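Several structures are given next for inspection.
After this come two complexes, each holding chain A, first together with chain B and then together with chain C.
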Partner chain A sequence: MSVAELKDRHLAATQTVSALRDRLKQKRLLLLDTDVAGYSRSQGRTPVSFGPTDLVCCRTLQGHNGKVYSLDWTPEKNRIVSASQDGRLIVWNALTSQKTHAIKLPCAWVMTCAFSPTGQSVACGGLDSVCSIFNLNSPTDRDGNLPVSKMLSGHKGYVSSCQYVPDEDAHLITSSGDQTCGLWDITTGLRTSVFGGEFQSGHTADVLSVSINGSNSRMFVSGSCDSTARLWDTRVASRAVRTFHGHEGDVNAVKFFPDGNRFGTGSDDGTCRLFDIRTGHQLQVYYQQHGDNEVPPVTSIAFSISGRLLFAGYSNGDCYVWDTLLGQVVLNLGTLQNSHEGRISCLGLSADGSALCTGSWDSNLKIWAFGGHRKVI
Partner chain B sequence: MAGLGSTAKAPSLPPPRPKSPPEYPDLYGKRRELAKVQMLEREIRFLEDELKFVEGLQPASRSCKDVADYATANSDPLMPATKRVHRSCCFWKWLCGSSCFSFSWICCQGCVPHLEIPRCCGCSNLCDCSISSSCPSSCPSCTSIRCSKPKCHCCSCSCFSSLCFRKPACGLSCRIPKCPSCSNCCFCNGCTSCYPKCLKVNLCNGCCTKGCCYNCYICY
Partner chain C sequence: MMDMVSSSEANNNEQNARNPTTTSSSSSSPLPAVVVSSSSSSSLRGGETRHEPRPLSGIGGVGGTHPGFMGKHRMTAAIGYLDQQIQIIQDELDQLDTLGQSSVVCKELITSIESVPDALLPETKGPVETGWDRWFQGGHGSRNRKKWI
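Presenting the complex of A and B:
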């Protein structure tokens, strides 16, 4: 077959793909008989209502000299690791605000960090395209720096996000600007699987975030600059299980809903969305005009432990608390006393769900917890 | 003797006719094109499978019910709702710390006005390393808590307070990464792949030349 014939075949296939996608989109639209808010209203659900001092900032973690880009809690104890433009990871005792480690990074351009399930090591990645692992119990070198214990090399673009596989200190998943995700064996330093990439059915632009299913660690979702989120099975790297369309901009953040059957997304289009992994349905769009017709991108999201609240950080410093069932903003942490003075770049919930940590371009981290009254019964 | 005025011509050489290079088959381009077609045809199969899958799907209301049932079935420490208080209730620690933990919730409520850790060293603003005078040197109100931030003069040696942070004194050099040279500033493969949309991270303006990071808008 000549190149000219191949080009014709390419054009025909492209048109077929486009037509099939349209048909699929129409069929899915017909199945969207309601959304979560519509259903909840029909059931007479009571809206969440916060008093003025219900959610308060009870700790401010100061120590970074630059924008905070990423944070992660330990799965068990109350420690947080944060990554900053100042080229350091800091490990904090979140209860006392003490710093237990300040790790100078070999590459200052860090974008993501993660705590291992046992809390013994931390991982980070960034513009060096490498995911570096630090064992927190290792002795420091002559200069007082914690040495890198492993470097996971293989990505051909920046490492945008990383997360350890739950209950497995030896495995983690990364997302990258090279349009792929990777599953790594930290013991060997090798990449076990590549999800997507050239000639594979995967994202078609930079991948910006990953979230592993807490109920089934073989499944994870990724969000990308191609405006889609994709669901992956770690046993099948050749293609995504499902692709979720709907967003009209980069998908900056993805996070599984606590039940493991849904996940949320946050995007440059200013919306958060809730998708069902089993059906592929888009169940809810969370969007509210911020004023002055601005539509600030969503930078980060997290669900409360029950799933009733969705926390969303925005590039303008807002941090909306959404009632996930009624699709309404119930609180804006960005307007509370002692809130951040810059963009919220990352946020995360403690393992027991009792506190939310936010990280900001103002170089601080803040911890928010319930400070109001509860009726004792 | 050749006759004068002889006009016989010497046989002339044929005009040069440079040969075109032989037509080599563009195997690389053909294979690449074939790979793209195969990918698209695979995508067509995936989409056809997806269409069949969607045929048998239940409407979204079923999933919406599952979400609503789940979100209302479990307690949530961050929710302002009636709940049974247990001794092991974990969220009070955020308000009071260990010193209040053994007290009743009344003590914890009394702690509320004192939640905030005093700002270090009376700095109303963060130490802005671009303005070296923005961080006052004295700490009028912080008696029990030492400032854990390095002082301004960011690029000189700074220490974390030994009370706040376990580190040998002044072994740390405060380093604000400077704008790197262009060879390091773009991590796109070959730099040509930066266009049209490269990174979501933005290095300092002007550090990338056109040849390296053309159209490579990055917000770091």
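Presenting the complex of A and C:
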């Protein structure tokens, strides 16, 4: 076939894809007879109501000398690892505010960090395109630095996000600026699977975020600059299980819903969305005007342990607490007393759901908990 | 649809890109060379990294800035990829005939949420874990004892 004929075929195929995508969008719209907010209202649900001193900042963790970019809790107890522009990871006991480790990184340009399920290791990645593993029990070297115990190399772009596969310290999933995600065997240091890549049915732009399903660790979701989120089965790397369209900008953050059947996203388009993984339905859009006609990007999200609350950090310093059922903002942590003085770049919930940690460009981390009167129903 | 790479509009770069020159780190590690996707300006998360332009995956070269840039092999691969996309979307269209409406899922969602005790809610299902209040105990604050209603 000549180049001209190939070009024609290419154009025809592109147009077919476009037409089919539109038809899919229309057909999906017909199935959306209600969103979560509409349905919840029809069932008599009312918004969560916080008193002025209910959610309070009960700890401020100071120690970084630069913007905080990422944080992660241990699955057990009270420890947090954070990564900062200052080129360090710090491991904190959030309850006592003490730092247990301060790890100077071989590459200062870190973007993400994660705690292993047993709490014995931490992982980080960034512009060096490598995911580095540190064993917290290792002896430090001559300069007092914790040595790297493993380097996971293979990505051809920055490592934007990483998460250990739950219940084992041996596997990790990464997302990268090279448009792929990777599943790694930490023991061997090798990449077991590549999700996406050129002409594979994966993302078509930088991947910024991953989240592994807490109920089924073979499933994970990724968010990308191509405005989509994709669901993957780790056993099938060749194509995504499903692609979720809807956002109109980079998907900066993805997080599985606690029940494992849905996930949330946060985007440059200023909205958070809730998607159902089995049907692919977009269940709810969370958007509220911030004032001054600004539409700040969402930088990070987390769900409370029941899923009733969605915490969303925005680039203008707001941290909205959304009632996920009623689709309303019920609190703004960014305007509370003792709040951060800069953008909130990362959020995470403790394993038992009793505390939220926020990390900010003001170089601090803060712990928020419920200190009001609690009604048990 | 010609450009199958990110359709997101260009965002304010200053908001998203980190500026490595402002770091206070004492590390002397050099700025690594990074292949950064050219899909959107907001994807340049590394600030001032060296940018190796890469051919847009699949479609970009056709009728784009470099007509004829894609060779026959590459174009054939791109067409194969598009055919695969067509099949995937067709499968999803067929699958939609068997899917329920969103109201069914919404009902499930409410049940799921209301079945889990949540420490951060003013009203929640029990049981309450004693550890929930550890953030306000000991010498770390002078909160009054809370009353359970």
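Rule of thumb we're sticking to: the second predicted complex is superposed on the first by the 374 of 377 C-alpha atoms of A that agree within 3 Å, B and C clash if a C-alpha of one lies under 4 Å from a C-alpha of the other, contacts with A are read in each partner's own complex, and residues count from 1 in each chain.
We adopt the following convention: a contact is a pair of C-beta atoms (placed from the backbone, for glycine too) under 8 Å apart; a residue touches a chain by one contact, two chains touch by 3 or more.
Here the structure is a predicted model, which is why all the values come from computation and not from measurement.
In the three-chain model built by superposing on chain A, chain B clashes with chain C. When both complexes are overlaid on chain A, the residue A:Pro297 reaches chain C alone and has no touch with chain B. By the touch criterion stated above, A:Ser227 is placed in contact with chain C alone, chain B being left untouched.
Looking at the shared chain after the overlay, A:Gly249 reaches chain C, while chain B stays out of its contact range.
By the touch criterion defined above, A:Arg235 reaches neither chain B nor chain C. Of the two partner chains placed around the shared chain by superposition, chain B and chain C are both touched by A:Tyr158. Once the two complexes are overlaid on the shared chain, A:Gly371 sits against chain B and chain C alike. Of the two partner chains placed around the shared chain by superposition, chain B is the only one that A:Cys57 touches, whereas chain C remains out of contact. Taken together, the two complexes place residues 1, 3, 6-7, 9-10, 13-14, 16-17, 20-21, 23-24, 27-28, 31-36, 39-40, 43, 45, 48-51, 54-55, 58-59, 65-66, 85-87, 95-97, 104, 108-109, 111, 127-129, 156-158, 160, 177-178, 199, 201, 205-206, 208, 225, 239, 242, 250, 258-259, 261-262, 276, 278-281, 283, 304-309, 324-325, 352-356, 367, 369-377 of chain A in contact with chain B and also with chain C. For chain A in complex with chain B, the touching residues are 1-3, 6-7, 9-10, 13-14, 16-17, 20-21, 23-24, 27-28, 31-36, 38-40, 43, 45, 48-51, 53-60, 62-63, 65-66, 85-87, 95-100, 102, 104, 108-109, 111, 127-129, 143-144, 156-158, 160, 177-178, 199, 201, 205-206, 208, 225, 239, 242, 250, 252, 257-259, 261-262, 274, 276, 278-284, 304-309, 324-325, 338, 341, 352-356, 362-364, 367, 369-377. The part of chain B that touches chain A in the complex is made up of residues 26, 29-30, 33-37, 39-44, 46-48, 50-51, 54-55, 57-61, 63-68, 70-85, 90-91, 93-95, 97-98, 105, 109, 112, 115-117, 120, 126-127, 129, 148-150, 154, 160, 164-168, 171-172, 174-177, 187-189, 197-201, 220. By the touch rule above, chain A contacts chain C in their complex via residues 1, 3, 6-7, 9-11, 13-18, 20-21, 23-24, 27-28, 31-36, 39-40, 43, 45, 48-51, 54-55, 58-59, 65-67, 69, 78, 85-88, 95-97, 104-109, 111, 127-129, 156-158, 160, 177-179, 198-199, 201, 204-206, 208, 224-227, 239, 242, 248-250, 258-259, 261-262, 268-269, 276, 278-281, 283, 297, 304-309, 315, 324-325, 352-356, 367, 369-377.
Interface of chain C with chain A (complex): residues 1-2, 4-9, 11, 15-16, 18, 20, 22-27, 29, 31-32, 34-37, 39-40, 42-43, 45-46, 49, 57-59, 62-63, 68, 72, 75-86, 88-90, 92-93, 96, 99-103, 105-110, 112-129, 131-136, 140-141, 143, 146-149.
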